[in-house]
Amino acid sequence: MLSAIIALSALAIVFGLVLGFAAVRFRVEEDPVVDQIDKILPQTQCGQCTYPGCRPYAEAIAKGEADINQCPPGGEAVIQSLADLLGRDAKPLNEDHGEHKDKLVAVIDEQVCIGCTLCIQACPVDCILGAAKQMHTVIEDECTGCELCVPPCPVDCIDMVPVKKELSDWTWPFPETPQEKKP
Amino acid sequence: MTTHKLWRFPGGLVLDGHKDMSMQDAVMIADLPPQLVLPLQQHIGEPAVAVVKPGDRVLKGQLIARAQDYVSASVHASSSGQVIAIEERPIPHPSGQNATCIVIETDGEDRWDPDKTPSGDYQTLDASELRNIIRDAGIVGLGGAGFPSFIKLNPGAGGSIDLLILNGAECEPYISCDAMLMQERPREVIDGLKIMRHALQAKYCLIGVEDNKPDAIVALRGALSADETKFIDVVTVPTRYPAGGEKQLIKVLTGKEVPSQRLPLDIGIVCHNVATAAAVHHAVTLGEPLVSRVVTITGENLEQPRNLEVRIGTPFSSVLQQCGWHPKSNDQLVMGGPMMGFAVTSDAIPVVKTTNCILALPAPQRPSPVAMPCIRCGECARVCPALLLPQQLYWYSWSKDLDKVQDHKLFDCIECGCCAYVCPSNIPLVQYFRFAKTEIWSQEKEKRKSDLARQRHEFRLERLEKEKQDKEERQRLKKEKLRKARGEKSETPDPKKAAIQAALDRVKARKEQQDSGARNVEHLTDAQRKAIAEVDERRKHLKTDPPATPSTDPQAESVTEKKTDEI
Amino acid sequence: MKELALILVSTILVNNFVLVKFLGLCPFMGVSRKLETATGMALATTFVLTLSSVCSYLVNEYLLAPLGLEYLRTITFILVIAVVVQFTEMVVRKSSPLLYQVLGIFLPLITTNCAVLGVALLNVQTQHGFLESAVYGFGAAVGFSFVLILFSAMRERIAVADVPVPFKGASIALITAGLMSMAFMGFSGLVKG
Amino acid sequence: MPRSETGQIVHDGMWGNNPALVQLLGLCPLLAVTNTVVNALGLGLATTITLIASNSIVSLIRQWVRPEIRIPVFVMIIASVVTIIEMTMNAWFHELYLILGIFIPLIVTNCTIIARAEAYASRNHVGLAFADGLFMGLGFTAVLLVLGAMREAIGFGTLFAQANLMFGEQAHWLTITLVEDYRGFLLAILPPGAFIGLGLLIAVKNVIDKRLEEKRKTVVAVPVVDAPAT
Amino acid sequence: MAGIGRNMAISAVLLGLFAMVGTTLLALTHERTAPRIAANQRATVLRNLHVLVPPDEHDNDLFSDVIHVTDERHLGSENPLPVYRARRNDKPVAAIVASIAPDGYNGRIYLLVAIRYDGSLAGVRVTRHLETPGLGDAVDERKSDWIKGFTGRSLQNPNSKGWKVKRDGGEFDQFTGATITPRAVVKAVHNTLLYFQRHRDELFAKPATTTAADTTQTENR
Amino acid sequence: MKFKNTLSSPHITASPSLTRTMLWVVVALVPGSAFYVAFFGTGLLINMALATLTALASEALMLRLRRRAVLPFITDGSALVTALLLALALPPFAPWWLPVLGTLFAIVVAKHLYGGLGYNPFNPAMVGYAMLLIAFPREMTAWLPPTSLGATTPEFLDLLNYSLFSILPADSTYDSISMATPMDTVKTRVGLGETISDIHLSSPGLFSTVSGTGWDRVNLMFLLGGMWLIYKRVVAWQIPFAMLSTLALMATVFWLIDSEQFSSPWFHLFSGAAMLGAFFIASDPVTAATTPRGRLIYGAGIGALTYIIRNWGGYPDGVAFAVLLMNMAVPTIDYYTQPRVFGEERN
């Protein structure tokens, strides 16, 4: 009986020493998965995932607190990439968080804008230009379409409009799938 | 004449030519249409920028849109008349989308711009001068891709290249414009070739022509002077689609393979189309920019298929009518050949520089066959000239696995269509590949945008953090000041400390001033500042009585000031 | 020598751990969605399985058996395995982030792979010697890796097939595993034992 | 309709996050011993007991474990629990042991147990951990039973064959012969049958889930139904 | 470096502690249960043996009157296998040999072969096998009565030509579609009989070994 | 004026068709099947009929369930090919439920659960066959003796009676009608320690100079049909070539080592399902490797496994299992045998 306890405890202590040593000696700070997840997210920073931005959501996914289907701007493509990265099965977008829409950009109606700077404070990517009491303008190329600037505007002068498609942005349509049922 | 040793490119197909039907008549000049529609972008690269306004009168050959960037090409009026609009019009593009075009109402005089100047003897010009002339003439590859030709006339770091190939293969069925050109105007082709050779300092030239164009071969050979035969050889290549593909032709003529995803230039070879050569001849020797080209108008739906020399900008309907066309709405109208061209949805679109053929095919006999699933029979791989596995590319394109599809070398696909031609399951393979390619590009673009957004977001977080710290610091200082004011003189005033304090106060004062202004105008990039400037400019034009004009608002002044001194 | 070769053939093909013996199924199903991850898992498992097969043999032979503590076998073996895995993970993670990318996230999964304990216990049960234990562990791991890699490549293909919706995912994967094990029955009779 | 915490646990264990059908854990014993219903029942019970015990203990000691020794500690706990159960049964419930005995060492390696310890018990207090163990165990057992029944019925044409082994001699009546003179369908009993059977079960679950989802949606979408206007 | 030391110590102590507690519990349980388990095992073995040689036919303790013998050719294993000896009034009654049929369809088939002193079979049972359910597993007494067909047979009944399955020209039935398993069992029983014939008196003469190795126990897989 | 936009080039096609491909396969099966009927009686036709009916019915049913277009798929001929090949693999003397169950399993599980034509990773016919072999080993190993051998060969009506109602012809028993195939016989008896010449001597008439009586001729016809398919480019030459040459090579090596233990290469090439397997089964494009090099590896793998299973495995013929085993490896093989693309360095 004693021999059993001693033998196994000794073994465990040795193992404990080894692991304790290894834990310090081989410590790694950052969780590389978070970076990888963050890279996949669309960086719209819209908060529809219920996290204050893409990175916090990435952290939540890495910790296993959030599911991978909560980012509407990313849509199927992001879910698929996350599933690939994390070795899970892809699932449909959780509609509680919103729908996947075509990309929009904000446009400020400069005739109406009163220059209150409220939208500037809301924009997560600092892409609204202007100063107090001046009309503001959105830098179209940098706007992520998160719509966060829309609600704060006291005079409702911000519209979300679809991104203008250039010829060079055109993508060939996906052919009709061969299995489709033909009437 | 020695017979040239030939090699074989992998894959490929022997197709029915259908070329004779459009080669009955000589090339004629097409009728002048009442309106010419000239898209600003008819080439690979950046669109040109219009240099005329609606209402301007223009002469044939006059520059109406200037090349914007290095990879870009100018556009010239292809007849004389008046610019009536610069607006969105349908253009020949697989998307069926519109794009900005200059619309000219012709005056019927077809008057050349008197300023056009022949450059005289090309041999007196050096390579870069030649390239400038060709560039200004708006010449792009007429073989299909429409890549600005002057770029391809740059011999690269070595200063000279080994071999200049003129591509006269014209391997696609139905098309005969190059054949007619070679047959009727062999000298133009050869003269253009010599100019190109001069620009490239090429050691040797080959003109590759498929053996189904014996007349063209005879004409070219006949036109060569004894001297020219020393460095130019007209080579008959077997008729096998796509022998006219640049890489395939190079393989057939030299046995060399252009390395995957590289340019022929990398192995000391440059390849141009025969019509491009003729256009170069026109530009250099006659001073005429690219305003027209030979176009094959053919197909079973025409009474009189033929080749016409068409002014760029002429609507399809106009040229088709000249060939006896009775449109039915279920016809197929294709720009380019049946293997590589794209179907167009309207006959209002104009002929552009890359329009080598307009094909009016009847509607398919049967209702178009149902695409069945791929059975992995491998026929497609057998005929693929790029030695790809189209069945695998299809599988991954179908499943939108964009990584795997690149693993399988999607970008080596030349979209020749051989695979789809033979597929027993009738799968539109090429469309899947084009879908995947464009999708990859667009995702890369998205990725770049999202990276930018991440940077800017992180930057903003940093800024907010800093502001928070600053604010705390200010409050602390304020308190300290208050304490001091209350006369707590526990310490003797230290001059050093006082100096620091003064500095801090200054900083604070400035910060406060800044806070009351716009918050996010620090750390701007050049582009953003440019954007701001543009916006301000726009406002100046826009506003008559704004709530606050930049010029009268002192804070706005300070904004501009800070912009300059803080960066 | 022939004995060892037979053990190898038997563990890899005839008595394949996954498809015939039903061991290590959870990682087999769990990390076979992609060929790359499966390859990573295969490498990690091969390493750990061989090592822990040997380690548990040593612990059994030199600690438990002399002291007559056979009843502690399970707990000791699983402790040894867990520590081997944990240690390997930490070392790999620090010393080669690249390798960790490939293997790292799979290592903890291996502890819960019952093939590892299975090998240790089966070694004792069949009274394998040192070399036999090593070969048995290695063979089991290679057999596991072999089918895992083939399976993952198949799953990649099936993932994009037009599978009826209710069968998508785990369901069709299990059916595929079933058909694979049916194919493996073709090996039955090759080696008796 | 928000669920209470225990309601959620019950739902998760028995259906939504069922260890066998959804998490795909514990597959080895699941597939290995479901030749017959009786085998399945035996393993299910043994697993449930172990799950409850290990979940509770892990939850109790969760404050004291550090990340680097977490896994070794958990597996030691599980192994101890299993060994103790095994020895106890062997000594005092020997008859039962003879039937379930061979499954018990298998339980140590059942990944459901360590997975629950890691994912749930080490983050929740004892009461919840206990409930989680119970319902995960029951959920697992339920799948075992269904799969066992399926394979036995198709493979042998019987149900509860050899029930006497588990419930004593008087339990012979439990055995149901579904088809007289059934020639047997070996495939169901062999490994391929196990895999395919579980695959089919998961597909069935997917179908049911989809139906439920559709129902939920229509309930939400359709407003209060009025009586037809008269 | 101090950090490492401290960390090592904490981990070691914690892990050691858990191991100690766990092992203590295990050891205690083991102490309490070991005798009962031994008794249970003994009872189980005895029950298996008594099926073949009923208690009223002998008066010795079968479980402890055991020797271990090795004969790979006849008993199918290179390891020692137990032979339980039944005696009545110190006279040999029967021997129960735990022999192995090595060439079953899926591996070894473990047998208990009870042979009366006169060389006739008192009975045969399969204690452990991996044969295919529904095909080869009919050798299991719970699945079919086939195995009971050996009772009363001996080396003379039938003669050595008859000790084969019918398909190979012998007297024993095979199962439809599964010849390998019965072939293996018939061969193993025959070999065991041969072994017994050769070593009969020697077997009963040897003194019993002290501990009974439990090859008859159903081990886990 | 607006026009139809069929979108992508090419705008012309060679218009070959899937159905035609499948029908070529059916046609190529005719000579072999005819010889088969001549040698082993008309049981094959019953099996073919049952399997075809089941295949078409289950295919239609599955397409309906999956809400897919029924007509184009049911007429593509692939289910027919599956059914015929499965029927050819079954013993010609079988109860009706054998072909029916096998085909059902093949079409429903092996084909449509994966998405139907083109998506199945395993050869459906062989999945059906292997399933039957595993589940009903007795029925699956009882063959009829060639007509040349016994007067007992049942007539068509007898066979039909047996198939549908399990009624054996008067005064015969199951065992008296059926027998093991020559290959099975050799394997069992070599396993019992006999030599090949003994076996040949003791079973006169069962063996011909090449392989088994009847079997040699049937295999020859399948070889001819297969060559025609290669000529028609329905089948890629690599697979049959690699499979048969590997099989022949291994057989030769072992035969040279000990010709009393191991059958001759001729025997291996012309008995069992060797030719049918090489030209019609291994070559199923959907489940075979698709790269040129991959096809060689795939075929060679099947050849080697066939030989191994035939000689040392537990089942009578190895082709089916070999095909299934190599089916498993196909995605991996395809992945690692991508050809050099145009312009890449040769290495």
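Just so it is clear, A, B, C, D, E and F label the chains in written order, and each chain counts residues from 1 on its own.
The rule is short, and it goes like this: contacts are C-beta pairs under 8 Å (C-beta built on N, C-alpha and C of every residue); 3 or more make two chains touch, one makes a residue touch a chain.
Worth saying up front: this structure is predicted, and the values here are computed from it rather than measured.
Asker: From the centre of subunit D, which chain's CA centre is farthest?
Answerer: If we average the C-alpha coordinates per chain, B ends up farthest from subunit D.
Asker: In terms of CA centres, which chain lies closest to the overall middle?
Answerer: C
Asker: Taking contacts as defined above, which has more of them, D-E or A-B?
Answerer: Counting C-beta pairs in contact, A-B comes out ahead.
Asker: Starting from the mean Cα coordinates of subunit B and subunit C, work out the distance between those two points in Å.
Answerer: Subunit B and subunit C have C-alpha centres separated by 55 Å.
Asker: Roughly how far is subunit A from subunit E, centre to centre by C-alpha average, rounded to an integer in Å?
Answerer: Centre-to-centre distance between subunit A and subunit E: 64 Å.
Asker: Let me have the rounded angstrom distance from the C-alpha centre of subunit C over to the C-alpha centre of subunit F, please.
Answerer: Subunit C and subunit F have C-alpha centres separated by 34 Å.
Asker: In whole angstrom, what separates the CA-based centres of subunit C and subunit D?
Answerer: Between these chains, centre-to-centre, one finds 23 Å.
Asker: Counting only residues that touch at least 2 other chains, which ones in subunit F make the list?
Answerer: Within subunit F, residues 7-8, 69, 72, 109, 115-116, 119, 131, 134, 136-137, 314 contact more than one other chain.
Asker: On subunit B, where are the residues touching two or more other chains?
Answerer: Correct list: 94, 370, 372-374, 398, 425, 428, 431, 434.
Asker: Could you list which residues of subunit A touch at least two other chains?
Answerer: 4, 8, 11-12, 15-16, 19-20, 22-23, 25, 172-173, 175, 179, 182
Asker: Under the stated contact criterion, what part of subunit B meets subunit F in this complex?
Answerer: The touching residues are 9-10, 94, 96, 173, 247, 251, 257-262, 317, 327, 329-334, 336, 338-348, 359, 361, 363, 368-370, 372-379, 381, 385-389, 391-392, 408-409, 412, 415, 417, 420-426, 428, 430-431, 434.
Asker: Spell out the residues on subunit A that touch subunit E in their complex, using ranges where they run on.
Answerer: 1, 4-5, 8-17, 19-21, 23-25
Asker: What residues of subunit F sit close enough to touch subunit D in their complex?
Answerer: Touching subunit D from subunit F are residues 109, 131, 134-137.
Asker: Which residues of subunit C touch subunit D in the complex?
Answerer: Going by the criterion above, the answer is residues 19-20, 22-26, 28-30, 71-72, 74-75, 78-79, 81-83, 85-86, 90, 108, 111-114, 116-118, 121, 165-175, 177-179, 181-182, 185.
Asker: In the complex of these two chains, what residues of subunit C are touching subunit B?
Answerer: 156-157, 159-160, 162
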